[in-house]
Structure formats: structure tokens, C-alpha cells
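What follows is a pair of complexes built around chain A, which joins chain B in one and chain C in the other.
So, the complex of A and B:
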């Protein structure tokens, strides 16, 4: 199976949860559908959804909760 | 002997620079605290001292009160000015400053707590004879209670978080079904955003105007108002253009509103500079919305028409000085407009961080309160506002014409800004006629030329 990188289109701070007290959108190893939200990027007090580019399994996250990410940076790998 | 020896500014960007300007005039040394993302920012260079307090993320830097207190102690600052946003309305932080013997430039922590709780603020203002939006002054314990309260008030209503503010944590409910749908999610949102899930209901005001009154009270029982600011031009519930005086008020209504606002502030023994926010319906009825217990972003329009330095007043009052100004000393002279320049797409409002390759600003006939200079980076970590443009004229028309001229001379490259939106507002008939509400941007603007 081919791997596909999930790329952040905007710079900001990455979150895996919709809010601090809630569970993560997806766990590593979990199946996702194309377009499904797997995280958020906070950019200038706005939240931008990071979505899965294709159906598959989230193999690994490359950014952790609260990490600073750049535009174009790899956030996760989907298999 | 000055008011303070050394002031730490617990903020960044334009407001940090603004506060430092007054500190210099008053002979107070300044300490900047900054995150790694801001190490090359103008406000850091302009301060007498600087302390790196953490990484870019605000939670680990500008919102970390203990790191800021540590920095103040290290640099022996005897006062902390919180600016706006960040820790400015955080009563626990103000309390911590007090414990450490550092003067917090703002009101007493107890008053901050009281006004931060919207249900309590409504009750207090009601007691003081300040009109409040018709609604329920209690905490809604359950959906059943909300439904019966809503039934007696009558729809449409606003469901609001008691700890909310700035347009966050409120939901319009037009009928029973919408209230049922919104109740649990609004409560959850309020709890996760503000750490308090308390909700209340108030009548929804259609096509409202947002007008606020600047009040100043010292610690000796003296208080004055500095008239109003018209803040109805907003996008996403956030202001983009403010002016003073408001074109919507006549002299009698202005006097009544401003006196009412001051009475409300004095009734809760408010001290320092504060803003009473009101909402107006289309029949010129006004209602108290909330009080901002801090310096306001749009304070320059008030400074321009009254000639008063509000930051200097904040510092003097915090230093326990008696307010020398009397109400009769405060006169409206001319008209002032402020435009907020945001790093964002002018149509979608989506943030546009990046490198500020070009920033050319006119030098004359304008007040520019900017956080950045040409060559700086506009980082994605903080508010998208990069600067404020303030013009003054002998009347409203002159202030608008001057603003148009200034905006035409501004050149920005490298990031998107809302400059085209600001220009379209200034050219629109509704704005020029002074006939606008908070729905102005969504109802009137098309941005066809962008």
C-alpha cells in the first residue's frame, strides 16, 4: 500500500483535539475517510482543519499536540 | 520621584510600544517580555530591558503569569501593565501581582472578577439603574429551566456564556427547537473556553449598534467619562473601524448615555480606566452589554478628540494620584477615526501571516500605532492586527477624507491585508451617512473591486 503525507497548508500551532478536555480526533492506527478531520492548526486565533487527503489508516503523526508547524510541513502519514 | 521606577509590559506588538511611549514621557524605565517568535520585534528593541519568557505559543509565554512575575522580580519592576488581551482581565494574575508587591496597572482584582462574570455584571448594573438587555439574571441550571425562562421572555433570544466576551460563547436561538439544539453545546463550549459553563438568556437585539463609553475613576472617589466610541463596524464580531463621536447620537442622548455609564462604574467602586459597552436598538434604546476592565484597542480615537493620554491616566491612578481632570475639562474637539489593519484576506478574513516585504506608511496627518516595521515577520501565533491607523479632522467628513488619503498612500507587500475592505467601507454610502449597524459588513459590502 502506498503512503501519503498529510501536509499543513498554513503555519501555526498544531492540535490533535477539538479542545483541551476532549479526546483526540484520531489515534494512530485508526482508519479514516478522505476529508475527515484529523487535527487543527491555530493560526492567528483562527482554527484551520487538517483533513485526511484519502481513505486509509493513520500510520503515524509527525507533529505532536501543541507543536509549532510551518506551511508545507508533514503532519501525519496515511497508508 | 516618578510614579514608578520600572514598568514591565506584559504584552507585545503595537500596544507594548504605545505603553512604552508614555512610560518614557513619565520617566519610567521599561521592561519588555517576549516570546521566541518576537525576539526581533520593534517593541523588544525599544524597551530599556528585555526578558525572553518562552516559546512562541502564547500559553507558554504571554499567558503564563508566573513567568511574567518571575521576569518582573528579576528586573526589579515595581509595576506591570497588562495592555489588552492576554492577562489584562485575569483577576488571579492581578491578585498575584499584589501578593508580590508589584503594582498591577488596572482595577482591583475583586472588580475584575465581578465584571468578568456577565450574570453578576448584569445584576450590579441593574441595581445601579443602568439599563440592561431584557433577560434572565440567573444561571440556567438545566435545559428545562432554560426552556421555561425562554417561554416567559419570548424568542428570539441570545444564549450567552456568563464568563464569555468578545463575541465568543453566544448563540442566537429563534425558537424552542433551536434552544434545545444549542443548550448543551454552548454550555460545553463555555466550559472548555472559559472554564465556566454558566449560561444565561437575553433578548436578541436586531440590527444593533455597538457604542461604548470611556470612564476613568481614581482611588479617591472621583470619576469622569471621556465620551463614547462608535464601534459597530465589525467582522466576525470583532471591530475593524471605530470613531468618536458617534454619528448616531445627538447631544442629549450622548449626555444621558455617558452619565449613565459613569454612574454604573462608580456604583461598583471601579478604579482606573475602563469601558462600558452598550448595545443600541433601532429605536435609540440602549442597554449595558459588558464592562472591559482594561485599556481598549480603540482608545486612540478618544485620545485624539479629548487630548487626554489614557495610558498616563492609568499609571497615575494606579500610583494612587488624585484625578486632576474634572468633567468640565473634557470636551469633544473634532472627530477621530481608527482603522485596524489586519493581516488577512479582505474577503474571506482568513489570516495571512508571512514576511512583511514592504510596509510604506505616510508620515504626516496621521497617527500610526503599529507593532511591525518593513522587513519584520508577521507570525501565525498572535492576533492578526498589525497596526492601527488613526486620523483626525475638524468634523467627521474631514476625518474620513483624511483617512481615505492616508490609506491610498499605504503600501503593503508580502502579506494580504484588509486594506481594500477598509477603503470600501470609507466609500460606502451607508458609512458616509453615518447610518450603520453591526450587520454593516455582511449586508453592505461586496468587495467587487478586490
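So, the complex of A and C:
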């Protein structure tokens, strides 16, 4: 299986949950479809969705809940 | 016409600003980094106040439905035409059907896309700038959305030849740690000596609450001198009787997190404004991203005016090189 990086397109704060008291969008090891939301980046008082670039399984998250991320930074790996 | 294939995160039409209505509570809006805005307009032969596109953090994807002359200046957002890299700070010739897109931002926060003739939107209160909070100006008073089609204005003169460029030494420079010059006041007398020293000596981190309205900073709490609550002022030590907020003014609600008010901000209120960013450094401020740091450096009003002269000399040099 080939691996594909999920890249943050914008700088901001990364979240894996839609809101603090809800479960995470996806767990590591879970299957996702292309375009499915796997996290959010908070930037300029807005939330920008991080979506899966392809169908696959989320192998690992490279950023934790609440991490500050840069544009172009790897957020997760899908295989 | 220009068709918006992808809008980016927040891409708005901006010109030099809606100036003259501040006393009515209408902030000027306009390009956050006027230096790059102006350079982009000069590179396409536009009037200095022509409307451009300002994209923040994520560039748009645009399809040109006509031949055009464009220039892209500001933050390092690597631009591509039909997938091929093209240079920033340079006059570019675009053919009908070409698609302009951008790679992830490398440095800076905002990029300006000027088109010869300007972005044609209705003039509202003397400006084409978008003020999204009131839904005034720009393209329908809002940030661009997928599928929007933008008109290009009539050219007012010839454009510089393709490949004309602003030399590297005259372009904006970016850093993750920045010095921003301020003139202290109007209410810096409310800070304790220690708080004043702290304000000017620590590195303030830009929080994710940073947009065209203002930038919020994280650092250390600042204390205010004890006082008797004046008539008309709120009860918090950071409150004063209402006053006008200069553009670039920095307030510290409850002494917790300083906020620099920028081009789309409220024009007055009841918080102490402890310092004002000099107009020259508002350009740099508009290119600073969340999580980068700022050190505020105190200058006198004379030094601020001197800095403005230096900036204008730099712009004159660009005008000479381009023409």
C-alpha cells in the first residue's frame, strides 16, 4: 500500500474534534474516503477543514489536538 | 473576466482604503500591506489606487477568460500559471484560458494580485475595498467564493513590459520574529512602569485570532496604575472614558492580551490604547502570521515620520525602475 501525507493548507491550530465535547472525526486505523473531514485548523477565528486526499486508512496523526501547525505541514498519513 | 475556481481562505477586493469616514465609525479597510499592494499595481501600470485581490494564508485559483497583464507581490506564495512556476514581484502576461494557482505559503501572510485595469467592482463611499463585517464594497461586500466572476476595468495607461521586476533588495522581507515600531500613547499613562517596560521588552506571540480586524497577542499580563473610576469609564482598570482608536492602536482588555486594531477594526470605544503601530510598519504587521512573534519598539513621532519618508523613497525607487 502506498502512503499519502495529509497536508495542512493553512497555518493555524489543529483540532481532531468538531467541538471540545464531541468525539474525534477519525481514529488512527479507521478507514476514510477521499474528501472526508479528518480535522480542523483554526485560523482567523474560522475553522478550515482538513480532508483526506484519497480513500484509505488513517495510519497515524503527525499533529496532536491543539498543536500549532504551519501551511504545508504534514498532519496525518493515509495508506 | 476572471472566474474564481477556488477562493482560497479569505480573498477580498481591496484598494487604498475607504478614507475619510473614520469619524462616522467606518474603518478604512483597504490593503493590509500597502507596500506590496502598490508594487503590484505599479508592475501592471495601474493607477496607485486600483483595486487588487488580497489573499490571506491560502492563494485562490483563478481562470482568466481574457488576455491580461498581472503582477503578484507580497508574501511568498509560490504562484503557478497552468501548473508552471512564475515569479513574484514581476510583470506577467496571461493568455485567455490560463489558470493562476498558488503553492502553500512559505513566508508572509498576504499576497496581492493586481490586474492591468484593476478589479472592477462598484465604488462605495469612494472606495472599492471590501469591508466584510458590514458587507460593503468589494465583490458583493464579501470574500470571494467559488464560481464568482470578476470584471477587469479599463486600462488607464500602458503596462510595463513582461518580465519587469522589483529588485530583490526592494521587496518585503519576512521573519518569524519581528520588530514593530510604535509611538506610545494615547493612554500609556495607565500602565505601571513595570508593565510599560514589559510591553516593550518581551516577545509577543501572534495568536490564531489575527485577521483584518485585528491581531491578538499572547505574552504576559500588564498591570495598570490604581485609580478612581472616572465618570463614563467602565469598572475594569483597562477601561477609560470612550475615545477614538487610531488605526494600529494597541489595547489590552483587562491587561491580559494586547490587541492591535487594524484596517477593518472598530473606530472607538472604552479601552486604553497604550501604543500605536506606525503606519509604515502596518505593512509588515499585515504580513505576520499566527504563532510568529513581535517585539514592540518605541519610537518618537519624528522617527515615525522619518520612517514614512524612507518608505516613500523606496517606492519612488521602484517607480523609477519600473517606468
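The rule is simple: the second predicted complex is superposed on the first by the 79 of 79 C-alpha atoms of A that agree within 3 Å, B and C clash if a C-alpha of one lies under 4 Å from a C-alpha of the other, contacts with A are read in each partner's own complex, and residues count from 1 in each chain.
Here, a contact is a pair of C-beta atoms (placed from the backbone, for glycine too) under 8 Å apart; a residue touches a chain by one contact, two chains touch by 3 or more.
Given the structure is predicted, the values throughout are model-derived calculations rather than measurements.
A.B. asks: Touch check for A:77: first (chain B), second (chain C), both, or neither?
C.D. replies: A:77 contacts neither chain B nor chain C.
A.B. asks: Based on the superposed arrangement, let me know which partner A:68 touches: chain B (first), chain C (second), both, or neither?
C.D. replies: Touch status of A:68: both partners.
A.B. asks: Classify the contacts of A:43 with the two partner chains as first (chain B alone), second (chain C alone), both, or neither.
C.D. replies: both
A.B. asks: On the A-aligned overlay, A:24 touches which partner chain: chain B = first, chain C = second, or both, or neither?
C.D. replies: neither
A.B. asks: Between chain B (first) and chain C (second), which does A:9 come into contact with in this model arrangement: first, second, both, or neither?
C.D. replies: second
A.B. asks: Residue overlap on chain A between the chain B contact set and the chain C contact set?
C.D. replies: Of chain A, residues 10-13, 42-46, 68 contact chain B in one complex and chain C in the other.
A.B. asks: For chain C, which residues count as touching chain A in their complex?
C.D. replies: 9-10, 56-58, 104-106, 208-211, 289-291
A.B. asks: Show me the residue ranges of chain A that touch chain B in the complex, using the header's touch definition.
C.D. replies: Contacts found on chain A: 10-13, 19-22, 42-46, 66, 68.
A.B. asks: Quick check on the complex: what are the chain B residues that touch chain A?
C.D. replies: 55-57, 59, 191-193, 343-344, 350-351, 353, 379-384
A.B. asks: So in the complex, the part of chain A that touches chain C is made up of which residues?
C.D. replies: 7, 9-13, 42-46, 48, 68, 71-72
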